[in-house]
Amino acid sequence: MTVTYSSKVANATFFGFHRLLLKWRGSIYKLLYREFIAFAILYTAISMMYRLLLTGAQKRYFEKLSIYCDRYAEQIPVTFVLGFYVTLVVNRWWNQFVNLPWPDRLMFLISSSVHGRDEYGRLLRRTLMRYVNLTSLLIFRSVSTAVFKRFPTIDHVVEAGFMTAEERKLFDHLKSPHLKYWVPFIWFGNLASKARKEGRIRDSVDLQSLMTEMNRYRSWCSLLFGYDWVGIPLVYTQVVTLAVYTFFFACLIGRQFLDPTKGYAGHDLDLYIPIFTLLQFFFYAGWLKVAEQLINPFGEDDDDFETNWCIDRNLQVSLLAVDEMHMSLPKMKKDIYWDDSAAQPPYTLAAADYCIPSFLGSTIQMGLSGSYFPGGEE
Amino acid sequence: MTVTYSSKVANATFFGFHRLLLKWRGSIYKLLYREFIAFAILYTAISMMYRLLLTGAQKRYFEKLSIYCDRYAEQIPVTFVLGFYVTLVVNRWWNQFVNLPWPDRLMFLISSSVHGRDEYGRLLRRTLMRYVNLTSLLIFRSVSTAVFKRFPTIDHVVEAGFMTAEERKLFDHLKSPHLKYWVPFIWFGNLASKARKEGRIRDSVDLQSLMTEMNRYRSWCSLLFGYDWVGIPLVYTQVVTLAVYTFFFACLIGRQFLDPTKGYAGHDLDLYIPIFTLLQFFFYAGWLKVAEQLINPFGEDDDDFETNWCIDRNLQVSLLAVDEMHMSLPKMKKDIYWDDSAAQPPYTLAAADYCIPSFLGSTIQMGLSGSYFPGGEE
Amino acid sequence: MTVTYSSKVANATFFGFHRLLLKWRGSIYKLLYREFIAFAILYTAISMMYRLLLTGAQKRYFEKLSIYCDRYAEQIPVTFVLGFYVTLVVNRWWNQFVNLPWPDRLMFLISSSVHGRDEYGRLLRRTLMRYVNLTSLLIFRSVSTAVFKRFPTIDHVVEAGFMTAEERKLFDHLKSPHLKYWVPFIWFGNLASKARKEGRIRDSVDLQSLMTEMNRYRSWCSLLFGYDWVGIPLVYTQVVTLAVYTFFFACLIGRQFLDPTKGYAGHDLDLYIPIFTLLQFFFYAGWLKVAEQLINPFGEDDDDFETNWCIDRNLQVSLLAVDEMHMSLPKMKKDIYWDDSAAQPPYTLAAADYCIPSFLGSTIQMGLSGSYFPGGEE
Amino acid sequence: MTVTYSSKVANATFFGFHRLLLKWRGSIYKLLYREFIAFAILYTAISMMYRLLLTGAQKRYFEKLSIYCDRYAEQIPVTFVLGFYVTLVVNRWWNQFVNLPWPDRLMFLISSSVHGRDEYGRLLRRTLMRYVNLTSLLIFRSVSTAVFKRFPTIDHVVEAGFMTAEERKLFDHLKSPHLKYWVPFIWFGNLASKARKEGRIRDSVDLQSLMTEMNRYRSWCSLLFGYDWVGIPLVYTQVVTLAVYTFFFACLIGRQFLDPTKGYAGHDLDLYIPIFTLLQFFFYAGWLKVAEQLINPFGEDDDDFETNWCIDRNLQVSLLAVDEMHMSLPKMKKDIYWDDSAAQPPYTLAAADYCIPSFLGSTIQMGLSGSYFPGGEE
Amino acid sequence: MTVTYSSKVANATFFGFHRLLLKWRGSIYKLLYREFIAFAILYTAISMMYRLLLTGAQKRYFEKLSIYCDRYAEQIPVTFVLGFYVTLVVNRWWNQFVNLPWPDRLMFLISSSVHGRDEYGRLLRRTLMRYVNLTSLLIFRSVSTAVFKRFPTIDHVVEAGFMTAEERKLFDHLKSPHLKYWVPFIWFGNLASKARKEGRIRDSVDLQSLMTEMNRYRSWCSLLFGYDWVGIPLVYTQVVTLAVYTFFFACLIGRQFLDPTKGYAGHDLDLYIPIFTLLQFFFYAGWLKVAEQLINPFGEDDDDFETNWCIDRNLQVSLLAVDEMHMSLPKMKKDIYWDDSAAQPPYTLAAADYCIPSFLGSTIQMGLSGSYFPGGEE
């Protein structure tokens, strides 16, 4: 359930991003409050122990330990590691988004090049479209927990109308120890080829377009499967996690306020609440949470892709486009700029400021000197 | 309203970029002056309080607090986090720019492959072109506040001539809970297919080109929609914002000039005006402003894309190209280099220096030694 | 044998990544335990020597040496170098993954455009498909140790059914001092061209699609070969390795606990076990291990690609698709949404929450003011 | 006038890059000497003032100020900001280079698929080619100051032979407030379509190739225009410039040699000439100059693209290819390897070392153990 | 002569990369030993001078100078600058590799779609293929010193059989001041077009494929030329070189061991051999050498591309493919899995472990609860 805040950041305003700090859904607070409480309790416990339980010599030892921890906490390159790692995760996440399979390109071609308004024509277009949707559904079931919960078995797929009983039988009949998401894709090819032979598709060139698009669609699907299968190597994730956890472990001890009267450097002040350490926790742990949320965008996090919605939208829209809209065109009429070569759509008052002159290139304001060709006409 | 300064930076000159520091529109000053004033007032208030209101003991406490804050301000990795985050935002912004839908490729194909200079032919070409423009307009309305202000309802779209009343009725008639920007796109496909059947498009190959281009156009549109829908995860933006705000909060206290007579390290001098802290504010807050401006480039910032201008330009130019210019060719005449195989256009005096010999590869100056094949002719 | 943990990170949870820290296969522990033990033993040996063997003056000298080493250890920019290097390695690794050759696009086209259900048709499709699989197998043999172990000679390739005896003879007959993986690829082209002449492929456009796909397939193969041939320049890898090894060598001496009674700065405490140095070892050496694992993903590491599995899957699936499934279509039946333009697949209870309204663009909540066109109808 | 030094760095040699330090054209010295002199004069002036003019108390105050400035100069993250910014600029610069429009792909297609060696055929090919060149010329005039100086008005374009007088009239006749670089592009489409109708282009498929290439050509042109129009946001450039200028301003005061006798830390030595500060100036200001030079590569810097040369080359070469070379083929003769399947071109003595055996894959040296299939023939 | 070490890093092993440290060819030692010796000699000379020649006061002055140099050496951001610069160089290097022109795609198409086993057919195919090879050879001669040494004049090209004498005459006859590598490319187009007219190429679609591929081939060639022509801006390379050289110059003085008895901070120990400085030299100078080697990958370094080998391989293989292999197909026979839909190639013992079950998606282990659709069948 993607958290969209585009409308909140359309314009840069006075401290523009501060409004974002007050959101709850998908926010750092919602993601981190449990970890934050755990960290605060541990910190307090250690602080209590130091202040109330330890004897003098123990305190001295703890103070040395704290300074030792603090010194090494600073050496851990959390920022750098997180920067590289999160960049990698964000890139993968966005690549998965742009490779989500949308059937729009195919429904466009099927609607316009698979002919016949009779029942057989409708059946043909709807069946082709259904195979398209079925291919992506089978992949989504494999990679998305949210979709798997909706369609936990092939029975559910049949029941929901993506597959007919007959198709299911044929599907089960095919023996392969491997994932069979490509089966409806092969059906699509054979059915389209049959339609060409029957003249429902009028030209091999139209068929070629269909086939190319379908192949592209499958590539999107298989790329999602690839992202699910081959993640960021476990050891990389472990390295980053270890670095962050070690850092906070060192902070728990190293960022305690030591007795100011002992005169340790940088320990002149006892604020009780380690405000900057807590902010740092928010900051680094939040950065790691970015990675946790995005590393598998097909889960159920606030920021994960809405795959179930995609399935609904794609089915409804694509059936509409290939069936009801097939050759159902509005009557052509002359548009209002018919004989006006300088068509200029009007502006509302609220938008009047956006009416600007055309940019003609950055050289347009240059003066002209020496601007004739030496040899004349040549 | 994009701020273009290409002509100002065409050549590297003496302190070349200093001229850019004096611009106002789209500048750091215009974007930041309010935040800057707020920061300066707060800093002054705290400074006043420290100098005038606090008693001796309170001053000592404040001084310790200030040093504590300063120490942690330096630990906040603002630079690094901003570097990674702004790089991400800038990449997204530029990707959105290169994916703005331009109808030029389609108008080129429609103008040359949808035939007939009669009224029906004109109607066909203009209608196809209008559907193209309508598709992008519907998307722009969804993602750009500036366009939405101009076309707040579908009525405005009809009134501005992008849609006829009849089309509108059909459009409304289609039942779908989802955004319907793809409807004119399907119309386009069906209309082009009809034109093929009627022989207005002479060959399936021409039709294929048209379809492929239209699909590409739709992909641009849907990608813009995708960028609007799935932004940078909220938690990432919050993490960066928190880091910057925390830094400045720490600076407000930590960068105060403390009493030089107390001999704190690095506090030998009382300049009253914290010139470098203010510059740092300009610097970091300005960097964050880069992100604020670019994170949604369809707003109304000085540097946002001029979508309304695009709509105007695309409509006017594309109608011109497919209607008035269709098969209106200048008579072919021999060019001035007709029998001169060494065509060499002249240079003006001002540009005479640019006439240079041709680069023939970096190896051209090498000498030749041992430059014969051992076995002779082979 | 790729280590997949996608299902474990589907959702961000309380300390979400901590579960990953407990895995063994493909983990940092499995990869590093030998190096870790070696490092710990060396560290202990030096520590013992310092504490037990050295005389007073020798101890003083060692202490100076230790401080000297520690100072320089901090100057070695391990983090930075590793960050850039690992980013490079990870990008190469992922590019190799997305360029693994999958025959799905080809089997789709062959299944639908190479006609004839008779034996000759079957033979044609199966042979074409076999050539596809053979091309990639020959490449895999060259780049992957795991595949080479399975097919150490061409005899094995013949025996496993990828090549017939006759093909093998012709293959051997071709004289070329270069790798001959492209031979079946040329056969494919000539065979497809022959099938076109015989009418088994009905149209040149279909043939073109096949040829284009096959060329794409070959490009994937040759890119893998390119990655194998031209690795990251040796000197880059050496520089990084030297930096990391030097760092740990400096740590062995520089991170010893010195006698606290001597009052060296930062040496107030003797913990015996250098917990943070060991963590740093885990951290940096683990990061380098990421590179070691991914630099050649065709080996036998836990995280390397399962090329042998790919070979099996591709052969089985592609033969199935072009033979058994050729024109074996389920009977078309009306789907359950036949006369329902608002198709809406159901949700199970467990997935009910995912049913959400459609996102219609970020501008949708804007109010309307000044929303009429000044000049009326225009 | 691009500065090419590829031949100087073909091989890594003893201190390989030092030769580059001695070049003047396009060098850091040529770009920076004015700024360097200005900086040196200011530094000297301040130094003089401190040494000669100030009284004792003023000196003490200046010394404190100097230390204060030095401390903050170190905090300004110039390196980091420049690193990210220059990377962005360099990427944009290179993208502009690879998107320079070259007519070679089009001249190849026109030369081979627009038929007829008669005058009309020549006219057709030359006119098509001229439209191609004209399209890019119109764009270059808009974005490049060097080209604008050469063709300051459309009159110059006509005079130089890119446009005929008749075309010019039609061009001016078209009413559009927007840039009209796309007009010859539409002419191209219509003319090609006419040529198809007249049978000069024999097949729709040939026409499709031409159209696709022309569209690609236009996309290159419009992308250049896009880069000119939408630059790096002004505020980003300002932020970077401010950071660098602030740094040098702080250095002017903070890097003065203070009186060694006063015992300030790090001020034990008075060298008069601040050699490292000057080197740092060279270094950081040089890095910024990289950005200044590349941010608009269509100016007149030493490293800017030679657009005027491109125009000349493209016109001359493309007319040659489509006119003189059309169907002017050398008579085919048997090559020297006609019956020698092991073609092996000879090596000169100087190049004899490059004759190496073929790389056959990294697995080739592996031994064979356990290399039989368990079940025999299967 | 690329240095391939893929087989050495196939698996991550105990200190996996240490084996790479012992290689000589292409190694850091081979590249750096001269610079290293020079640096060591200079360091020793300065050390000698300080220890033996200088008087007491001079020593004190030198010591101050050394500390001053050391302080500034640390401020030079060599790591960062090298990181960004080397990343840029490595990306360019790899892009050049993937854009090396390989004729495989073209030989595939020519072999299968240019028909006729008679002498004229052979001549046609061989000539087309020769033009392809000639195009790239002309480019390689321009950009690669190794190829230029082999073919220093066009005479050598003719003699080696890439061009016939007649072609050479025509080639010389074409007047153009620009590089003429595109001439055989135009010949190719016209010859292919002629072959289409003569029926040797049966369909325009086949011709289109050929033309598209040839255009792609030319783009690869011209991109290589572009990389040769427009290098990384000289000033960037100079900035980086200056930074590194300055750093080492500062180290020569600043990293001397000063008299421990004087009690300078960090100078308690006199080791004579500055082990860490030497390692740093190896490290930074090695990193710069990566750039030196890769900045022009067409030279004669150990890691440069083997362009001469490419030329040989491409000629031999492509002639073989289009001539001897044209329509020389093995007789089709049933494969061993003919009636076995579960084809499963065998594993050798050595590879038995790689036989693994198929990955079916990360959701496969999820349990099912609430897994029925609320409304039943719907």
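Labels A, B, C, D and E are assigned to the chains in the order they are written; within every chain, residues are numbered from 1.
Here is the rule we go by: a contact is a pair of C-beta atoms (placed from the backbone, for glycine too) under 8 Å apart; a residue touches a chain by one contact, two chains touch by 3 or more.
Treat the numbers as computed from the prediction; the structure is a model and nothing was measured.
Common partners of subunit C and subunit E, by the touch rule above, are A, B, D.
Taking CA atoms, the transformation carrying subunit D onto subunit E includes a rotation by 70°, reported to the nearest 5.
Ranking A-E and B-D by contacting C-beta pairs places B-D first. The mean-CA centres of subunit B and subunit D are about 21 angstrom from one another, to the nearest whole unit. With centres defined as mean CA coordinates, subunit D is found 33 Å away from subunit A. Shared interface positions of subunit C, i.e. residues touching 2 or more other chains, are given as 2, 4, 6-7, 10, 31, 80, 83, 143, 145, 147, 149, 152, 156, 159-161, 175-178, 205, 208, 228-229, 289, 293, 296, 313, 316, 320, 324, 336, 341-342, 346-348, 350-351, 358-359, 362-363, 366, 368, 370-371, 373, 378.
Taken together, the touching pairs cover every possible pairing of the chains. If you check the complex, the residues on subunit E that touch subunit A are 341-342, 357-364, 366, 368, 370-371, 373, 377-378. Of all residues in subunit B, those touching subunit A in their complex are 1-2, 4, 6-7, 10, 31, 34-35, 38, 61, 64-65, 67-69, 71-72, 75-77, 80-81, 83-84, 88, 123-124, 126-127, 130, 143, 145-147, 149-152, 156, 159-162, 164, 166-167, 169-170, 174-178, 182-183, 185-187, 189-194, 204-205, 207-208, 211-212, 214-215, 218-219, 222-223, 226, 228-239, 241-243, 245-246, 250, 288-289, 292-293, 295-296, 298-301, 306, 308-309, 311-313, 315-316, 319-320, 323-324, 336, 346-352. Per the touch definition, subunit B reaches subunit C in the complex via residues 141-145, 147-149, 152-153, 156, 159-161, 175-179, 225, 228-229, 296.
Chain contact summary for the complex, subunit A toward subunit B: residues 2-7, 9-12, 14-18, 20-21, 23, 26-28, 31, 74, 79-80, 83, 86-87, 90, 97-98, 102, 104-105, 107-109, 111-113, 202-203, 205-206, 208-209, 213, 266, 268-269, 271, 276, 279-280, 282-283, 286-287, 289-290, 293-294, 303, 305, 313, 316-317, 320-321, 324-338, 341-348, 350-351, 354-356, 358-359, 362-363, 365-366, 368-375, 378.
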